[in-house]
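Chain lettering (A, B, C and D) follows the sequence in which the chains are written, and residue indices restart at 1 in each chain.
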Amino acid sequence: MKRLIQNGTIVTASDTYKADLLIEGETIAQIGQQLAVQGVDEIIDASGCFVFPGGIDPHTHLDMPFGGTVTKDDFETGTIAAAYGGTTTIIDFCLTEKEKPLHTAIEAWHKKAAGKAAIDYGFHLMIGEINEAVLNELPAIVSTEGISSFKVFMAYKHVFQADDATLFETLTKAKELGALVMVHAENGDVIDYLTKQALKEGKTAPIYHALTRPVEAEGEATGRACQLASLAQSQLYVVHVTCQEAVQQIAEARKQGADIWGETCPQYLVLDESMLRKPGFEGAKYVWSPPLREKQHQDALWKALKTGALQTIGSDQCSFDFAGQKDLGVNDFTKIPNGGPIIEDRFSLLYSEGVAKGRIGLNEFVDLVSTRAAKLFGLYPKKGCIAVGADADIVLFDPQAERVLSARTHHLAVDYSAFEGMRVKGTPRTVLSRGKVIVRDQTYVGTPGEGAFLKRARYGELWTNDLVGQR
Amino acid sequence: MKRLIQNGTIVTASDTYKADLLIEGETIAQIGQQLAVQGVDEIIDASGCFVFPGGIDPHTHLDMPFGGTVTKDDFETGTIAAAYGGTTTIIDFCLTEKEKPLHTAIEAWHKKAAGKAAIDYGFHLMIGEINEAVLNELPAIVSTEGISSFKVFMAYKHVFQADDATLFETLTKAKELGALVMVHAENGDVIDYLTKQALKEGKTAPIYHALTRPVEAEGEATGRACQLASLAQSQLYVVHVTCQEAVQQIAEARKQGADIWGETCPQYLVLDESMLRKPGFEGAKYVWSPPLREKQHQDALWKALKTGALQTIGSDQCSFDFAGQKDLGVNDFTKIPNGGPIIEDRFSLLYSEGVAKGRIGLNEFVDLVSTRAAKLFGLYPKKGCIAVGADADIVLFDPQAERVLSARTHHLAVDYSAFEGMRVKGTPRTVLSRGKVIVRDQTYVGTPGEGAFLKRARYGELWTNDLVGQR
Amino acid sequence: MKRLIQNGTIVTASDTYKADLLIEGETIAQIGQQLAVQGVDEIIDASGCFVFPGGIDPHTHLDMPFGGTVTKDDFETGTIAAAYGGTTTIIDFCLTEKEKPLHTAIEAWHKKAAGKAAIDYGFHLMIGEINEAVLNELPAIVSTEGISSFKVFMAYKHVFQADDATLFETLTKAKELGALVMVHAENGDVIDYLTKQALKEGKTAPIYHALTRPVEAEGEATGRACQLASLAQSQLYVVHVTCQEAVQQIAEARKQGADIWGETCPQYLVLDESMLRKPGFEGAKYVWSPPLREKQHQDALWKALKTGALQTIGSDQCSFDFAGQKDLGVNDFTKIPNGGPIIEDRFSLLYSEGVAKGRIGLNEFVDLVSTRAAKLFGLYPKKGCIAVGADADIVLFDPQAERVLSARTHHLAVDYSAFEGMRVKGTPRTVLSRGKVIVRDQTYVGTPGEGAFLKRARYGELWTNDLVGQR
Amino acid sequence: MKRLIQNGTIVTASDTYKADLLIEGETIAQIGQQLAVQGVDEIIDASGCFVFPGGIDPHTHLDMPFGGTVTKDDFETGTIAAAYGGTTTIIDFCLTEKEKPLHTAIEAWHKKAAGKAAIDYGFHLMIGEINEAVLNELPAIVSTEGISSFKVFMAYKHVFQADDATLFETLTKAKELGALVMVHAENGDVIDYLTKQALKEGKTAPIYHALTRPVEAEGEATGRACQLASLAQSQLYVVHVTCQEAVQQIAEARKQGADIWGETCPQYLVLDESMLRKPGFEGAKYVWSPPLREKQHQDALWKALKTGALQTIGSDQCSFDFAGQKDLGVNDFTKIPNGGPIIEDRFSLLYSEGVAKGRIGLNEFVDLVSTRAAKLFGLYPKKGCIAVGADADIVLFDPQAERVLSARTHHLAVDYSAFEGMRVKGTPRTVLSRGKVIVRDQTYVGTPGEGAFLKRARYGELWTNDLVGQR
């Protein structure tokens, strides 16, 4: 099976050029000027389009239990929406439970995804405690099962929160095994105290979710994680960075030479704390952790993307219906399920608010939305690039098309959009996953279950120069 | 004329993959797996080689008068040596004189290069003063003549040094015209005072060249240039950064969002101040301005390359014979012509000390040695990349070959090497300039004069997204 | 002659306590509880008052020519006003001219002061150039004539501005001689360019004075001075710091261990740039150099005083009548004489806005307004403290009294007040100079000419521990 | 009872002057030149001496149980030694136990001190947990019992260590009550992990005490405490700061305006990590927590004292015999009791290494060793100053006398000195406590039990200007 993409402008993390692109089977075979059409089974016209590598979303929560309910979107609705939005790979968080084998959780996660995923996927593994059993399971998980990233929570006291000993030992172990440690960096102790105080004072509305999770709690935890990683000489990835205080800690650690990376999410670039003050219970739609911040932090985050202090964009997709799920917290903000729908709009929001508004360059966009995550999480060079030999995960993106984001038109199961009514410039037109068109002219034409589980390489293993074997 | 490069590993500023590469005429036509050989005029085997975009050296001084003598290497010997070393484009500094038309200098520089250059070249224009005449000449120089970068000296008092008013007005004007301002950042006043004091005290040996140009003088001037550029909201490029103090100033300004870039040179990464203390007059071989620094600054520079505080590598090629030129200063270090031979070894030194020793990645190497300079100086996307449609300026680089640097084997006219006896890993094997092989298996097979003058685009003009016209 | 101050609260730079104070002749003889009154010639009741050491104003311009006119206030009106305001010592700037002996200026300044000064005074010496003649005069000026501080201007191009070579050599020389180098830190080249551009564009109103002297120009010059001082390992005092950018440079240099000090002035703590936009030509009353800044810089300055990044308060007294002097610039802001009346209100403004509003402590106030300047400028321990053996320069200050600042009630000759209508808390009630009451119950009762010239010690000479001879 | 100190040089935190000093009963009554001797009961000659306010040691552990043993020195031997060393006030840490009333501990501590203390003393209160019982006891402890400082441990996991929730709530509560929160800032989790790893690997020698408590663990915890204090808008005092990493965190927080203070101890200024590597078990004598650091940190600490990043000097006196106590850890460094004897030498070491070597000024010395602690801990103006009305706690210090520190000559019960054989310049000759001579010519002439418990004022209560009632 040969497919030819004609007349597009190919964009990689460093280069932009007009060329045709030939796909043989699942991979990219040739890139050239006016490639021959003979023997080609399908010709796809990319006139007026950018030809991007498919988006990689390194931060999703599909079919995830939380606070007594389960996210509305599962691996089927979630990955179809992702595909519509230009994302062809996700890495989902596999949540473990203390005192249960890690494999119990991993098998559960495989079951959630199998037969449903419309695009390729991998898993991060949550580490909630370190003990002999955990230490016994980990090596094979990384080396054989292709799960080469661990997640540690510094918040959610009495639920997910790990102490510093666990974080530090995870970092130490990860270095040994070749895994990347990811942290949710907020000081859970401080938040726990502030939350209890707020409830004591009868402060139950959604806005108190934000006010009890101050930027200092994120800045502090981010700095702590960076210092522990530096001490362990290990690698660290800080998920969902939201504020100047946290950016500053990461930037400083990187300046010292630490192997530390930071992710932010579109919601923090585009929305702000004032949304939580909307009348009635409307603010519950905007309850993320960490919370949306005051508007000036948006500038800090854009500048961090521009100057390289942050390097990736995740969605932190974690959707709950406004009616029936979010309203668990109508009388108590601590009971509002945390998170929102964003997997579909991540790509377009970053393009529209970033590239189209001149805040980041086109090649920087590709690095942020795809290439860097592929490299960090052991997917490169199969994923994350337009290059001969790579998987033909491709997005034809029309930069001129405009559309309005809305729950009426999105492809998630959840009942609202946090970006309702927002106009974006640029839209994914056609999307290929491993050579096969799964979205054609903005219509999903794939089959759930086609997405494959990705065994990922060890951290750093594939960046190096060894393609010709010299190292 | 069609040429096919087979079996190589293509490396760009973001990607690394195995593919063949077809050249039609002067440009890259196709990249693919096992491209067809029919109709191909020449097949070049790149087995075991990296296929890099040709190096771009943004900082050379060929055939340049200095202190009553002239650099030993001119556009012929200099560019042939560059080609041997894997560099296919240089940008040379056109020195102007006060009270003379800028065009007098530009024409002189065109004459120096014409009929001699073995590779393509452009010019930066020195600005020594701003007056009505200068202001009248500048617009056409940028827009019509393709000279879109200006050089201002903050040192060399009474010779090249411009005052802050000139620097600030140049920055302001450059912003308007779309030019990039480059500075030699050392405080010339301080150096002038220290130099006179040293001579008064009978300190005439080469080491006093270093001791009278302290890091603080560079750090201060770098900070000053950054602050003036920020105030003018203009773009700035600091040439030959040598020390932690200067790196810090650039990093801080970039963190604030300033459009500021920094270059270092291989000599500062590899050599150190102690070389100037060699017995006899030997130290004169190592007289650069700014001077070589104490060893710990090498680490600071490598870290700056790794963390993006510095973005390019220039050579500052400026060669004078040890016998007959450097010895003008045998009794007075201030009379030693400043500079050394480095154009040929820039590429290999960065690879060997950087990539092969694990200090920088392979894609970072390409960005530093080629791509970033192409983008900054208006040469991209014709130069600086392996991409369909780009000029076929290509280096086949054997990462396993080792060789020893020496004046006996280099291809410059100058009579010594500053890296005499140093072993490097990796060597350019074959080099193409606009599709034509000019170095084959480490032998120059081109013709001087084939190199063309490059009219460069305005600063920022070609980075943008407008290849499909949306901006 | 014995005088006894009873019932006051003595305040020093570190301590606060209730005690009586006995003066014998010109000096403080005893401090104690209920000191005996027999043999006392005069009893002064300080009930309800703080007993402060007399204020020291290290930055005044009296009887100074500027831009074709002369400051309205001379050593008589200026020092009487100072005395009213609680200041008992000033150090005035002696302006020199290039190519004239320094002593010409020093003698002129002695003449201006002699027979007129109501309080004690010293001189700083402006250095505009360094040459053999200057180098010959300087040693005796410091060692014999008691002028141990030099002033260098980095702004006022073509008038006072010295180049970096002069500044650096002055720093070097000052270290050798034991003098403190003071700088007016603004980048005069940048200001000169911006000023010319503004005038070209027909921007002549007072506000353009501020807009052509941006904070970056002050931040840059401050950083430059700090770096040159660090390199010279000399001592530096930055006068009239106005903005966060400059504070940051000083704080950073001090953190590195540099011997650097910073002064701000009440006008920068209390007034802001918007004053220059007042209707008509009113803004000219607020033309200082550096200019008043946007309001947020006030906070930065208060924080700098609190955290020790700045250490003294000068007035930069330099008064010109609104009618007849300031209006020289009615059609061209560059012709407005720079400066304003502030010598009288310095002390009260700092108390009222600082201590009474809780921004600084009472002991910090004493250090800022008196003690630190005495130590830095070689006047301590005769001046700047309430201590046995010190000159009885004393202010009885009623912290409860309120008054309104106004040109109608001030004691300067100039025709306006920059603080017209401002209410302050606390007022000097009675002031003694060397034991003699010169202001009694807010009425001047002294005789002009009583003030004596102060030969000041070398920098650092008197801070040390050698009072019992151990060093 | 009247005593007169003649011919001395009085030194306060800001001033230095020659004067006599008259004491009536327990307080300072007069300071003056040649005070009358009639009616004086005792004349003390201070010729050649500095007259300092008595030292205040804000950090001691006397008669304290630790790791199954009890410190060798109790309130009798400890305070007599302190008096010999020039210290006239200590504040000792009262250790509480979880789930027991705070008053149980307070009463125990009163018993330890009563009838034994040779000098005045106060208590800090350890907070190990916050619950209803604790919250009920705290207000009266601060307001009635005069214990206005709380201590929280961030290290000693499973023993003293409190979690961040406890620290944060303590900060919040302290702000409300007017108490100062003190932290032992090391990351106990990290240390616990590293310690276990070391033991697993058979690393049992004293040096591993230092190697398992890296500077990063202190830097991190210090930053965390500063950020929590800033968020709580409370006051914080970091005890025993040992390294550049921690200094930097405190300096940065203070720059932001936080109300944060830092203490270091003489051992960190004078000794270094290499002491723990002494042959045999000798290194155990140097086991403090945090540990002694590499030598370059000494410079950082001196610079921090000089630039005001640290403000006090505590001893952290906590002595255990080398024979019989330290040797509990001969086979396992974790069993070595932490701490050493230093209460007697604190004052002299700071003078000798600080003032006599030119690292700090004489007035800075007084502030560090006495005045600042008095102000921070609610003892001022009774303690910490030479001022009329203050307690006559006075040290006559001979700056010329030299002596050698040794266990043979010190006055502690413990069997070794960490400074054995070190020569210091300057020695306390005669010491007065509330007007009474307790050390005369280097001989203790007091009576144990004369020392009184000091009820201390609330944090900040007595610094203010209200001595004349205006606030």
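Keep this in mind: contacts are C-beta pairs under 8 Å (C-beta built on N, C-alpha and C of every residue); 3 or more make two chains touch, one makes a residue touch a chain.
Chain by chain, the UniProt names read as follows: A, B, C, D = Dihydropyrimidinase.
Bear in mind the structure is a predicted one, so any value in this text is a computation, not a measurement.
Distances between chain centres, each the mean of the C-alpha atoms, put B farthest from subunit D.
Per-chain CA centroids place subunit A at a distance of 39 Å from subunit B.
The centroid of the Cα atoms in subunit B and the matching centroid in subunit D are 58 Å apart.
Averaged C-alpha coordinates give centres for subunit A and subunit D that are 51 Å from one another. Looking at subunit A, no residue sits in touch with two or more other chains.
Under the contact rule defined at the top, the touching pairs of chains are A-B, A-D, B-C, C-D. Against subunit D, the residues of subunit C that register as touching in their complex are 9-10, 12-19, 22, 29-33, 35, 48-50, 251, 254-255, 257, 303, 306-309, 355-356, 361-363, 367, 371, 381, 385, 387-390, 399-400, 463-465, 467-468, 470. Interface of subunit C with subunit B (complex): residues 157, 163-165, 168-169, 172, 187, 189-190, 192-193, 214, 216-217, 219-220, 223-224, 227-228, 230-231.
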